[in-house]
Every structure is written in structure tokens, then in C-alpha cells.
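Worksheet: one structure, shown below.
Just so it is clear, A, B, C and D label the chains in written order, and each chain counts residues from 1 on its own.
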Amino acid sequence: MIELRDLCVDLGEFKLDEINLSVKKGEYIVIMGPSGAGKTLLLQTILGIVKPRKGRVIIDGRNATELPPEKRNLSYVPQNYALFPHMTVYDNIAFGLRIRGYKDLEIFSNVREVSEIMGIKYLLQRKPSKLSGGEQQRVALARALVVEPRALLLDEPLSALDKVIKSELQRFLKKIHSKIGFTAIHVTHDFLEASYLADRMAIMYDGKIVRAGTLDDIITYPRDRRVARFVGGENIYHGKIIGTKGGLTRVKIGELELFSIYNGRDETLVMIRPEDVYVHGKMGSMSAQNIFRGIVEEIEYRNSAYLVTFNVKGVLLRSVVTKQALEELSIAKGKKFTLSVKAAAVRIISS
Amino acid sequence: MIELRDLCVDLGEFKLDEINLSVKKGEYIVIMGPSGAGKTLLLQTILGIVKPRKGRVIIDGRNATELPPEKRNLSYVPQNYALFPHMTVYDNIAFGLRIRGYKDLEIFSNVREVSEIMGIKYLLQRKPSKLSGGEQQRVALARALVVEPRALLLDEPLSALDKVIKSELQRFLKKIHSKIGFTAIHVTHDFLEASYLADRMAIMYDGKIVRAGTLDDIITYPRDRRVARFVGGENIYHGKIIGTKGGLTRVKIGELELFSIYNGRDETLVMIRPEDVYVHGKMGSMSAQNIFRGIVEEIEYRNSAYLVTFNVKGVLLRSVVTKQALEELSIAKGKKFTLSVKAAAVRIISS
Amino acid sequence: MIQGFAALALLLISFIVVPLASLLLGTSSQEIVKYGLDSEALYALYIGISASIIATVLLIISGVPLAYLLTRRDFKGRDLIKALVDLPFVIPHGVAGIALLVAFNSRTPLGFILSNLGMKLEDSFWGIVSVMAFVSVPLMVDALIDGFSGVDTDLEHVARGLGASESETFWRITLPLASRSLVTGSLLSWARGMSEVGALLIVAYYPKSINVLIMERFWTYGLQVAKATAIPLLVISLTTFVLIRRFSGRR
Amino acid sequence: MIQGFAALALLLISFIVVPLASLLLGTSSQEIVKYGLDSEALYALYIGISASIIATVLLIISGVPLAYLLTRRDFKGRDLIKALVDLPFVIPHGVAGIALLVAFNSRTPLGFILSNLGMKLEDSFWGIVSVMAFVSVPLMVDALIDGFSGVDTDLEHVARGLGASESETFWRITLPLASRSLVTGSLLSWARGMSEVGALLIVAYYPKSINVLIMERFWTYGLQVAKATAIPLLVISLTTFVLIRRFSGRR
């Protein structure tokens, strides 16, 4: 278990500001944020390369803030994998064991075992420069895991890879994690990567963790406009709270009036995720509190689905629609449809 | 109109191999491919920086193969925008006009006009280093468009940008294109970007254009496994043609037998796009030729939609499903559903 | 480990600082005025400075084209030429002087033509210029190669697309953006010229440039006079050094 | 434009190639054997080579720690020390000799201690070593700074995470990966030592090293004898040059 308490760091243009985070044993935590948010700095502080100005790093209940990196037993996997270029794959993986003074025979059997799990036995005698990106990642993971670290610190391990290879490695990483169950702190700027891998995620801006929680927590209630945008919110509006009715808040966006289960002050931001805008062919049984008609303004293909923009009383509302629905409902530009949004899907973001 | 005929280039590790492409006036063409495919080299050959070993570049009907870049009237917009750092924004935009010997007054009014269209009038006296990524892109476009070029050559103009800014600029680019109607050859490795912007697209691998056509052409019939993967095909299988029936081809994937409208040889690849796998709650009127039952194995959140993996007789079939459908059909792990795939959606890729 | 490292590092730094500090601080201002700024020394300074400036100007005129071609054109033998440019780095200074003398003395055909044009090599101002230019070639050209390489070729490609010819692009984009390197290269080349003495002692003892004068006074009058004579030159060198670091953006 | 550029560039290249070619090709092998390889010249070569080797070894011992600290530690005055390291570049050679002599001659306290330890500066082997080390400091340290900067610190961070202390990391990761730069730096520093003559003429005329011998023979017997004496040294320098380019991966 790794705990960060009130961690503050200043390092040139980068900083960490009162970071609090705890990572349970076996948990896979992903820290997201735009470049410059301080994600790498956070990993380096946990690793012990950078000393905090204030606050503590606690590893397995012990204050490790003053320990040098070599006493922390955390394995670092940087973006470029940083395989030692002057050593074979075998010597790379064996490095941590040699430093620990293991005997040659123990080293041999440990390296063998981990290479089998990683599927890289055939690479052991090669030099890192001869490996593909995917092979390098596996070797880096093997080298990091063979010493049985308290946690793996992964710095953007999947960026700078081709899209196709990237999704393969992502699956591999998830598979290995569920097989071995290591603790991981993984840093990325890619929300999709995070949503695939993370047990829990945290979002950083300007050296602060502005939101932490599960994927569901964050996409359903981002709490902050930047977070909403970061996790892919498309429909974000300025709205005005105009009262309550039947326990629900009434909020007005332009001419459109909506009900929300959330509370807020006067002027506010309102977010409706595109997946929460439902499109109906005919009036059926609809449980949603917000039902209105919209005209199709635009249809864009996006990632095996379609993003349809509806004009509802002048407000542009985007909805995700499958090809199946597009066909079954004959959605086309200029046509009118009934839309519904649950009161629980109208998020009020007061920041 | 720009035509490339049998263009061959060798430049160190990069090459172009018999490139044929024609771009109509006002058309927005996007050339895609993984890094190293030769996309930038292609642009540089069109621009005239690189001389082809063989083949011709024809601009507006005239053979331009031997012309130096300055006689081709093509504006280049490289990845980093390449604003002249020692000049103000005004002087950057004016550069092409000054070279052409325009008078100061003409330059002034031209720069004014284009800056108004681009919404960058307030930036004219600044130096490029003081601009944000988005502002830089607008200035680069203004500088490129003010000389009324025969075409714009854009090299990955949106990569290296934050996701949020990227989608804003994408929309801006599309808006400007529909407003001014310039001809564009745009190079990218991002399929989503291409599918948003392109009138027509071409996919390059190893210096060759392996597929060209509209978005629809390519995603519905990629013709080649690499293309299929590149444009996001998820369900790609080894299949076996076992005969024909009622004018349709019968193809077997493992234990699953499907009908396809395409022909093919013995052993083949079969692709079914995730958006073409329809999920049904109850038996209704289904026009699809392939109807079978599948058990939900996995549900992944992806980009405001869900990717649901069904197990159909041992074959894993992914389908894109909206949150609405997930709720309405109560899709959950382990449950069984009726799936349908049209014969036209079962693509046979013989490569 | 770090303590041991720091001790060794300190030793090395002292080895540079102590001699220079001793020289600068161990000489009285009367001595400096008497031996460092007398008319012979001032004339020798003038000779050294002006020869080094002319050498630098000649290197700019020929080095800019060379560096441009080396960074912007791919031709056979480019690597060899890049190597040749760096050769003067390793030529022992006395040997460089002898080589220049062998090739260009006024009894060789080329030297004969040059001396008839008033550019005799042996014991002449042009000899000093030649020596200084020879030893400075790599500094000038390497700085310019760095400068031109640092100019993103995409900037040039954009300019070409906008209608600028190669030469318009060079004068409006490439050279202005490499101007810092041009300044750095010039200062380095000037300073290298001012530092040379071995080759001068062979090619052009006369007219006496400041470096030669310092040697002569050391042999004739000893350390005390020589060190006073050296101070103004050292101050000039140190000033140039500060300028170089400013223009190269610390290096 | 390009034709004019090519002409000027060619002129500059000839200015380097012609003198060296004239020297190498214009000397008969009999002359070389007679003056370049006689016992006095061979002994002077031996003195020059061995002094330069020792200077280089001393620079490795002190330069590696200095360069490591400069690239891996952030401390006050780091930029100043980086600047000091480069100082010998601009110090005129004669002035460098005078400065060393002023600071370490056997009448100074430090020089007294050193001369009692058998390391007298004036006209001694250790004087030659000191001069060569002084002028070579920037070459060695800058090459090592380049080398250590080129080692991705992520490699070191990974090693630390895997349990290696800073000193284990240095010996197993950093130094091995900078070994090419160490070799390049050593060759450069050795070659620079071998090229020096101005400072030697001041600090240590005796024991006569090869550079001093070339000067002396030029003054005593003239160009013909001096150029023959210079050939072996020139060949050694050119060989070193080829090695430097090989190890530094060209340049």
C-alpha cells in the first residue's frame, strides 16, 4: 500500500500541490491529465528521485519520504522503457537480482520464469536495439516485475506506439495484471487507455488532483468543467437555475428547460453526456423526466458509431447513436425525433 | 487539380512506389498511414522539395515535375506550423505577398481580409513564440491561404495537440474549408481525424497507396487486412468459403456459418465491423440474412458508447451498443441475445 | 562516492583558476602601464587585433557558403569535406606554420603571384592573417554548421511554397535565423586567432603581433616583464569569452 | 547563388588541403629518415607522446568526476564552473604558459612543495605535462559532459528503482554508456596536448619535446630540416584525427 500525504514539490515550471492519494495492494491506479500537469513529477517523487518540499510518501505503513530510491523497492517503467542498451535482454531482467546479490542459478530460474509469463523467452540473448516496441515493453515489464516490487510506476507506457500495437499492449497489460496482481500507478494523458485499465483513476491539473474515483464516478459526475471536457463530455452549456419542482431542480439552457436531480447556484454549467441523450422513434414508455423534440443538424461517423447533433429550441445537443438505430429509426438530416434525458443525466457543475 | 502519375521516389529508408492519385479542385483529400509509410515524403514530392525518380506531378494540367517549389504555387503547412520566428504574425502572413512584389497597401488589405476570416486580427503584431497551438495553426493557415494557392499541403496539422484543442481545430478546419473551398491534401496517421475531414481518403503502407476512396468505401470494404485494422475493424477472422446458396457466398468461421454477398477464394479473411452487429431484444422483423444467438462475455466503455463482446459458438464478436440500448435491452454479462448481421456486412478480404 | 568526486573536481577547477588568478592579481598596475601599454605593446596589440578581424571576415565570406552547402546539399564527399574542415584542430601549431610556409612562401608559384599582389606570406601582415585564418577554420565553420542545422528546414520549405527562390529563402529566412551562430562563430574564430603563437613564430615573426612580443620579452627580459605585457591581451580574451557565452546562449 | 557558394567553399577547402598536402608530398623519404627519425627527434617524440598520455590520464581521473557532477547535480555556481572549464580555449598560448609559470614556479609556496616532491615545473617533464593538461581541460570535460548528458537519466532512475545505489548505477550504467565519449575526450585531449608549442616554449623548453624541437630546428637550420622533422608528428596527428572521428561517430 502506498500513501501520499499532502505532497508538495516545486521543480522549475512543474509542481505538485498538496497531493493526497492512497493505492491499495494489487490496485491498478491510473493518473490522467494534460501534459504539464505534473504526472511524471508525481511518479518521480514516489520513486524517490525528487524530494518533496512538504508532505510524506508512506510505503506499506512506513515513512519512506527520506529513503533513497534503491531502498523503496518500486519498479519504474518510463515512457521509452529505458532498457539498458549495453546489456542483453537477459542481463536487463537479471539486473535487479544481481544488485540484490542473488546467485547465478537463482537468477537464471527467476529470469526464466518471468520471461515465460511475458512470452519473451525467445528474446533473452538479444540486445534491446533489436526489439520492436511491443517486445521492449514486455522486457521492461519483466525487468520491473522480477524483483517483486511493492508497486510498478508506469509513465505513459503506451503512448508513442502505433494505434494497433497500442491496443494489443493495453490488453496484454490488463491480462498480466489480473494474472500476477501487482500494484500499479500508471500515468497517461489518454482517457480511453485509463478507462480500459484503471481500477480507480485520478485526474491532475496544474499539480493538483482535481478528481479521483472509479470510471463511473468520474464520467457521471466530473464536478469540474476541465474534468468534464477531459473525459469527453460533448454537451456542456451555460445554464441558469430557475427553481425546483417535485424535488427536482429546474435549469434553463437558452430556451430549453430541463429537470435535474442535482442542486446548484444561480448561474452554472450543465453537462449532458452524449450517451445519455436517448433517441426514440415513437412515443413508448419513457421513464425520463426530460422529453423534447429535436431536429437532426449533423451526423458524424466516430469510432464505429455516429455522433448525431440535434437542434432543440436552438440548443445543440449531441447524441451517440449506433448504425443499427440510424437505420431502424431512419435518422437523417432535417428530420425530427423525440429525445429523452433522465434528470440524473443532467449534471450541474458548479465550479 | 493535382494529378500524380506513377510517382516513384527513393530517399534513404523512405520511398514512394508507383503513386497514382488525382485531387480535384476544392476537394479535401486525406492521406493516412502509419509512421514510416511515406506520407510526408509524398507531400514533399508534390511540393517539389524532393525530386521523383520516375513519374510525374501534374498541376492544373501542366507537367510540374521539373518545376522548383516556388513556381508551383502550393502552400505547405507542416506539423509544427513553421511560423517564421523572427517575424511578427503580420509579416508571416505578408511573406508570400511580399515575395510576389505586391504593394504595401495591397498587402495590408489582403492580410486584413484573411485575418478577419481566420479570427486572428488581434494577433497581427505578436511574435509566433507568444501564440498558443491553436493560434499558431490559424496563422499558418492564413499565411498559406492568402496567396491563393492551387492547393494546401497539410502535414499532420493536428497531431501534437491536446485532445480538446485538437477537436476544436478540426471543426475550424472543416468550417474554413467549406467557407473558402480550397483544395487540400492532408496527411495524418489518425483515422478519426481523416473520417471527420476527408471528402476522399487514401491509405498508404510502405510507400504505396493500398486503398483510396470515400470513408464509406473504405470502411465497408477495406480490401486488405492492414487497411481493415487501420480503419478500426475489430472483428477480423480466418474463414473458409464452403459454397454458395441463393446467390450468396457461404463462409465458415470456426463453428459459425455466415452468408456474405462478396466472393472469395478457399481460405480467406472475414471482417464484420462492430457497428454492423445488431443486437435485438425480441424477434421482430429482421431483414438480415445472418441471425444467431450470442452470450455477452464482456462490456467495455469506449468513447461514449459500449463495446460488447458476444460469444457465438466460440467466435468472439464485438458490437457497438449505446447506453440507451444497454438499458432498454438489459444487456449484462452472461445473458443471451439475438444478433443479426447483413450479408452485405460480412466482408471477405482476400489479400 | 560524491565526496571523492567533488574533491577531484575541485582539484581540476583550481588547476585552471589558480594560474589565471595569480597572473591577474600578481601584477601591479604600474607594471601593466609600463610594459603592457607602452607604444610597442600597443602597436603589437593593434597588429594582432586587426589581423584577427580580417581573418575572421575572410572566414565569414568563405565559411557561410561552405556551411550552407554542407547542411543543405547532399553530395558525394560531403563527409570527407566535413572532416577536412576540422583538420586544423589537430595539426600541431608549429607544423601548421611550416605547412603554410611550404605551400605559400614567395618562391612557390602561388606565393609568387600573391607576393606580387602585395600579399607576401613570410614576415608580413598577410602571413599573420593566413595563420590566424588557418587555425580558426573549424571554429567558424562548425559554429555555422550548428547554426544552419538548427534552422528547421520546414521553415525553408514553407517559404519556397510561398514563392521564394532558394536565394531569397537563404537571405530572408536561413541566414537571419542563424545569425546568433554567425556571431558566436566570429567571436570564437577571432579569439582563436588572437590566441595563436606557435605558427606565428614560424610564418610571421614580424610585424610583431602581441603574442610574439610576449614571447620575445619573456626570452629577453624574463617573466616579470612578460607577464605585465600579457595582461591586456588576457583581459581582451576574457572579455571575448564572456561575449561568446552570451551569444551562444551558454554552452 | 549555389555556383558562387560552391566557388567560395572550394577556396576555403583548398586553403586547408594545399598546405598539408604540400608538406606531406613535398618532403622526400630520405629527409624524413634523416631529420624526422634521428635519435634526437625520436627522443623528443617520446617526451611529447608520454607527457601527453600522462596529462590525459590525469584529466580522466579529475574530469570524469567533474563532468558527472556538472550533469547530474544541480548546485549553485554550476554555470560558472562550466564556464571556467572552457576558459583555456581562449587563453593565448603564451599567456597560458606565463600564468602556469607565475602560479607554480618553484619559488611560489605551491611550486616549492611540488618541486620537493620531484615535480618541478620549469624546464621539466612535469612542466610539459602541466601545460598539456591545462590546454586540454575543456576538450576532455566537454566531451564527458556530452557523454553523460547523452545517457538518458531514465536509465539511471530505473536502475535506482531496481535497487542500485548511486555509485553502483554510475559504474554499471552511466560510465559504460558514456565510454565512447570518454575515448573521444581522451583522444581529443591527447591530440591537443601534442599540438601545443607556445606555452611549452615558456614553461618547459627542456626536456625538448617534439614541438619545441621543430621550432628550434626551424630557427637553427631553416624550413627544409624543420619540415622533415615535422612529418612524423603530422602523421601521428592525422591518425589520431581519424580515430577521433571514428569514436565520436564522425565529427
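Methods note: a residue touches a chain if its C-beta (ideal position, glycine included) is under 8 Å from a C-beta of that chain, and two chains touch if they have at least 3 such contacts.
It should be emphasised that the depicted structure is a prediction, and the values quoted were computed from it without experimental measurement.
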Centroid distance [mean C-alpha coordinates] between chain C and chain A, Å: 56
Distance from chain D to chain C - Cα centre to Cα centre, in angstrom: 17
Chain A-chain B separation of Cα centroids, rounded to whole Å: 26
Junction residues of chain B - those touching two or more other chains: none
Chain D, residues touching no fewer than two other chains: 166
Chain contact graph, described as a line, ring, star, complete graph or other shape: ring
Full enumeration of touching chain pairs: A-B, A-D, B-C, C-D
Touching residues on chain B, where the partner in the complex is chain C: 44, 47-49, 68-70, 72-80, 82, 84-86, 95-96, 99-100, 143-144, 147, 149, 153
Residue ranges of chain A touching chain B (in the complex, touch as defined): 34-35, 162-164, 189, 191-192, 195-196, 215, 219, 229-230, 232, 234, 273-276, 278-279, 300-305, 320-325
Residue numbers on chain D that touch chain A, as the complex places them: 152, 154-155, 157-166, 168, 172-173, 176-177
Residues of chain D touching chain C in the complex: 1-2, 4-6, 8-9, 11-13, 15-23, 26, 59, 61-63, 65-66, 68-69, 73, 79, 81-96, 98-105, 108, 110, 133-134, 137, 141, 166-167, 170, 191-192, 194-198, 201-202, 210-211, 214-215, 218, 223, 226-227, 230, 233-234, 237-238, 240-241, 244-245, 250-251
